[in-house]
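Labels for the chains are A, B and C, by order of writing; each one numbers its residues from 1.
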Amino acid sequence: MSDITASSRFGGGGASVWRRNQRRIAPWLFLGPGILMFVLYVILPIFESVWISLYEWDGIGAKEFIGFGNYVELVDDDAFYTSLKNNVIWLVLYMLAPPAGLLIALFLNQNVRGIRLAKSLFFFPFVISQVVVGLVFSWFYDPSFGLLAELLRLVGLEPIPVLADERYVTYGIIIAGLWPQTAYCMILYLTGLNAVSADQIEAGRLDGAKGWRMLWFVILPQLRPATFIAVVVTVIGALRSFDLISIMTDGGPYGSSRVLAFFMYEQALSEYGFRMGYGAAIAVVLFLIMMVYIAFFLWRMNRDEKGGG
Amino acid sequence: MLHRIATTFGAAAIALSLTAGSALAGTLVINTDTSNPAPKAAFQALIDGFKAENPDIEVKWNLFDREGYKTSIRNFLTAEAPDVATWYAGNRMLPYVEAGLFEDVSDLWEQEGWNDSLKSAAASMTIDGKKWGIPYTYYQWGVYYRKDIFDQYGLSVPETWDDLLAVSKTLKENDVAPFTIGTKFLWTAAGWFDYLNLRVNGYEFHMDLTAGKASYDDPKVQAVFDRWSELVEAGYFIDNHANYSWQESLPFMVQGDAAMILMGNFAVAPLREAGLTDDQLGFFQFPEITPGLPKAEDAPTDTVHIPANAKNKEDAKKFLAYVARADVQTTLNASLGQLPVNSGSERPDDKFLSQGFDMLSDAYALAQFYDRDAPAAMAKAGMEGFQEFMVKPERKDAILERLTKIQQRVYK
Amino acid sequence: MFPTPIERTAAPTQALYKIALPISLLLWLAPLLAVMLTSVRSQGDIIAGNYWGWPTDFDLMENYLAVFQNSPIGQYIWNSFKVTIPTVIGAVALSCMTGFALAVYKFKGNLLLFFMFVAGNFIPFQILMVPVRDFTLQLGLYDTTMGLVLFHVAFQTGFCTLFMRNFIKALPFELIEAARVEGVSEVRIFWFVVLPLMRPAIAALSVLIFTFIWNDYFWATVLVQGKHALPVTAGLYSLNGQWIAAWHLVSAGSIVAALPPVAMFFLMQKHFIAGLTLGAVK
């Protein structure tokens, strides 16, 4: 019956070509629009950025080919090293999010009244925009009337201008970023904990495992997929850190809270920027760093694909 | 490659859909960055006035956010140019002039006699001997101070550097911060650098430095920072200034925790709004440092240009001529709260504006501002250095070394 | 269940837990509670420096009305919807197809294509910024919501494809086999056999993408300038520049901007979490 519908729709000879080959043609029909968009907006621009990074270009005039000039300049630029250093700090401290998320998840993995609401509320920070998070925390840190200043005064200390002090500024922003990131990890672990097999817990209990030993030897191994995803999203979150910096400090004071992502934007598009080539060179470096993680992720996924069949 | 093909298709489709509406003859498209309340109202009145005199011209006014405009202009000048666009004088015009995106209006200057009436801003509108637009407003910079606090401690307006230090000392001893400032967005610190530089070394050196002809390792720059240290190290600026924008730094003055601010005249409106009366608030010219040095001032000039890709240049020229007129500039600037550039305009009534008007008329020369005279990349690095210096004065040498290096790269 | 269910522990532990839960929740949400409280404070409180004490007046209506009256936030929110909803539809539609193709057909390069989409997820935005901005400019879509939508659709297709492909992979393949034996065409298999089974995945992805796109700030600043197209995230930041020290308005504005994704989250919680935690369990 379906044969009849198919041939009546596509007409005589065409129908048989379609019918004979449809399993070979169909995937490309389905993939076509997606691939086109993805190639235009994601794949090609990567190569274009690499290409632009070899030019001196202000975005409106003519492009001037300077080879690796932008990279040579980058290696000699203090701001680049500040950004790189901050990126490392972001990466390291962001890694607190998975364990912190796990801790909260363990705390919340109960069946008391109202726990569902509590779980949702704990997740709340992730749902709101980083712009809002940034505004809230800038205000929290304000040295003249912020909550932090009030608290410090309460215990007789001088207020600390967290966002205006090069020593604290990056940490201050990271704490703001950890808030939603921890919530994200928490929800991953909550879901993971739901799926932990009750049999194994019982078996563990019979073996006398309790508390931390149980967590370490029985629970954590079962949470490995959740941990993996948590680490991956956290690394990406750390390397993408742009919004909070842009909102809370604009890279300051005197550029000390820059990270590569922000530095790139500043060079290429901000009021004093428009050095497209130089910005592109920074982006390429950032991309290469990220490639390490992408490669790791794909390698693991490839292993799972092969293993899982 | 694919990009280019897709672009052609897209552009064609969009061109088809747009041509219907936009290119009507007799339509004048004006893009402005006057998004703040006072400038917005002033431009509304300006455009209404122009329409009243030219009923046959249909005006389409696109109002942009002031900050966003700085990036938007790059796009619309190339992609879909308006007939008139606002911008700034000095080095800020340079990228667009070099890229051939602004129309040369030298003949209009000749024809309308602007070389005479707009003379004070002529230099800052000139690149390669040609004029690239017209100025419609400028404003003075200087020190705004709390007269009542000065009276309380028996202080008088400082005329020299030593006076300024003495006044600051007294204020500081009485737990009043001499100066408030918010350096979060950097340029306020550049105001200090500019004024110290203009008073220590003079206008020519300011221009040489921002044009890359003088270097940051010049002893003259050292001398500027030495004066600056005297204020910074004595704690004459409010604490934590890197945390605040300029607006956030005003409450210190309003509440009497600080007595002075070096700022452009646009600070007057929010200070008045916050409750300071004209009896409490005063203005004085930045004091003399090097004796006998002619006093130049910062007076950033805002301008109007015709984009080279404009469709309706005839009417655009009419608009420029209208904006340049003495009576129009009087009204426009009265509502902007700034100073008219046309020498035929009336002297403003406002207390601070009339003081500024006199000061600028007597000025030896007018600078635009550090970040308008220096190229963007240098301005950014320089202002970061200034902010850093104001927080960590002990790093002076490292900062100057860095600026010297960056300068060599920027001006190659 | 781990840790040990609280009802099986000693009475003091139970009591302790019941006290600790609300307290920890309160601390966790303290920044947000402060914002909510501030958003109903009167201007008098703000000027008097009463930022953290109990408000002397509750100006709920006044403040929220003021936000809508003296700022274009209504327009910004409308713009956000104009960006978010078409993106959700576009990205989900494209990825239903790509996910289906990658999950169901065996062909050369399948895995490679899949990895391309996956890798795209992790790319730092900055490497796309300059070319995408140029491309959007050339298309004449700079400073329009459409320009943002096209980019978001393309970029989100990466993540959505990963999601959809894995979801379809987990469906019973026999259904498709059976349909093929019946001679049903591939297009009809997609439409009538697989798509109906994908409803939960579509719901989950829609909610998730809605939140991601609503909260996007970076691309909004790169591709849009004017208030006619500015989404509420970027709009809020520019308002922050105007509302200096008017923290009651900033707070009220923040809450208004956060409301749609929050509402979405509470209404569609199950789907949201299902989408987010894909892969967290295996």
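Keep in mind that, in the parts below, contacts are C-beta pairs under 8 Å (C-beta built on N, C-alpha and C of every residue); 3 or more make two chains touch, one makes a residue touch a chain.
In this text the structure is predicted, and so the values were computed from the model without any measurement.
Engineer: Classify the chain contact graph as line, ring, star, complete or other.
Structural biologist: complete
Engineer: Between B-C and A-B, flag the pair that has more C-beta pairs in contact.
Structural biologist: Between the chain pairs B-C and A-B, A-B carries more contacts.
Engineer: Taking each chain's centre as the mean position of its Cα atoms, how many Å separate chain A from chain C?
Structural biologist: Distance between chain centres, rounded to whole Å: 14 Å.
Engineer: How far is the middle of chain A from the middle of chain B, if each middle is the mean of its Cα atoms, in Å?
Structural biologist: 39
Engineer: Can you pull out the residues of chain B that are in contact with at least two other chains?
Structural biologist: Residues 3, 6, 67, 71, 78 of chain B touch two or more partner chains.
Engineer: Touching at least two other chains at once: which residues of chain A meet that condition?
Structural biologist: In chain A, the residues touching two or more other chains are 40, 44, 48, 269.
Engineer: Hunt down the residues of chain C that sit against at least two other chains at once, touch-wise.
Structural biologist: In chain C, 131, 135 touch at least two other chains.
Engineer: Tell me, which parts of chain B touch chain A in their complex?
Structural biologist: Where chain B meets chain A, its residues are 2-3, 6, 67, 70-71, 74, 77-78, 95-96, 98-99, 101, 183-186, 239-243, 371, 376-377, 379-380, 384-385, 387-388, 391, 402, 409.
Engineer: What residues on chain C touch chain B, complex-wise?
Structural biologist: Touching chain B: residues 131, 135, 137-143, 225-227, 238, 241-242, 244-245 of chain C.
Engineer: Going by the contact rule set out above, which residues of chain B touch chain C in the complex?
Structural biologist: Where chain B meets chain C, its residues are 3, 6-7, 10-11, 14-15, 18, 36, 62, 64-65, 67-69, 71-72, 75, 78-80, 245, 247-248, 251.
Engineer: Any idea which chain C residues touch chain A in the complex?
Structural biologist: Interface residues on the chain C side: 1-3, 5-7, 17-18, 21, 24-25, 28-32, 34-35, 49, 51-52, 94-95, 97-98, 100-102, 104-105, 107, 110-111, 113, 115-133, 135, 150-151, 153-155, 157-158, 161, 182-188, 190, 211, 214-215, 217-218, 221-222, 233-234, 236-237, 240, 247, 250, 254, 257-258, 261-262, 265-266, 269, 273, 276-277, 279-282.
Engineer: Quick one: which bits of chain A touch chain C in the complex? Just the residue numbers, please.
Structural biologist: 1-3, 5-6, 19, 22-24, 26-31, 33-35, 37-38, 40-46, 48-49, 52, 106-107, 109-112, 114-115, 118, 120-125, 127-132, 135-137, 139-140, 145, 147, 150, 179, 184, 187-189, 191-196, 198, 201, 214-215, 218-219, 225-226, 228-230, 236, 239-240, 242-243, 246-247, 260-261, 264-265, 268-269, 276, 279-280, 282-284, 286-287, 290, 293-294, 297-298, 301-302, 305
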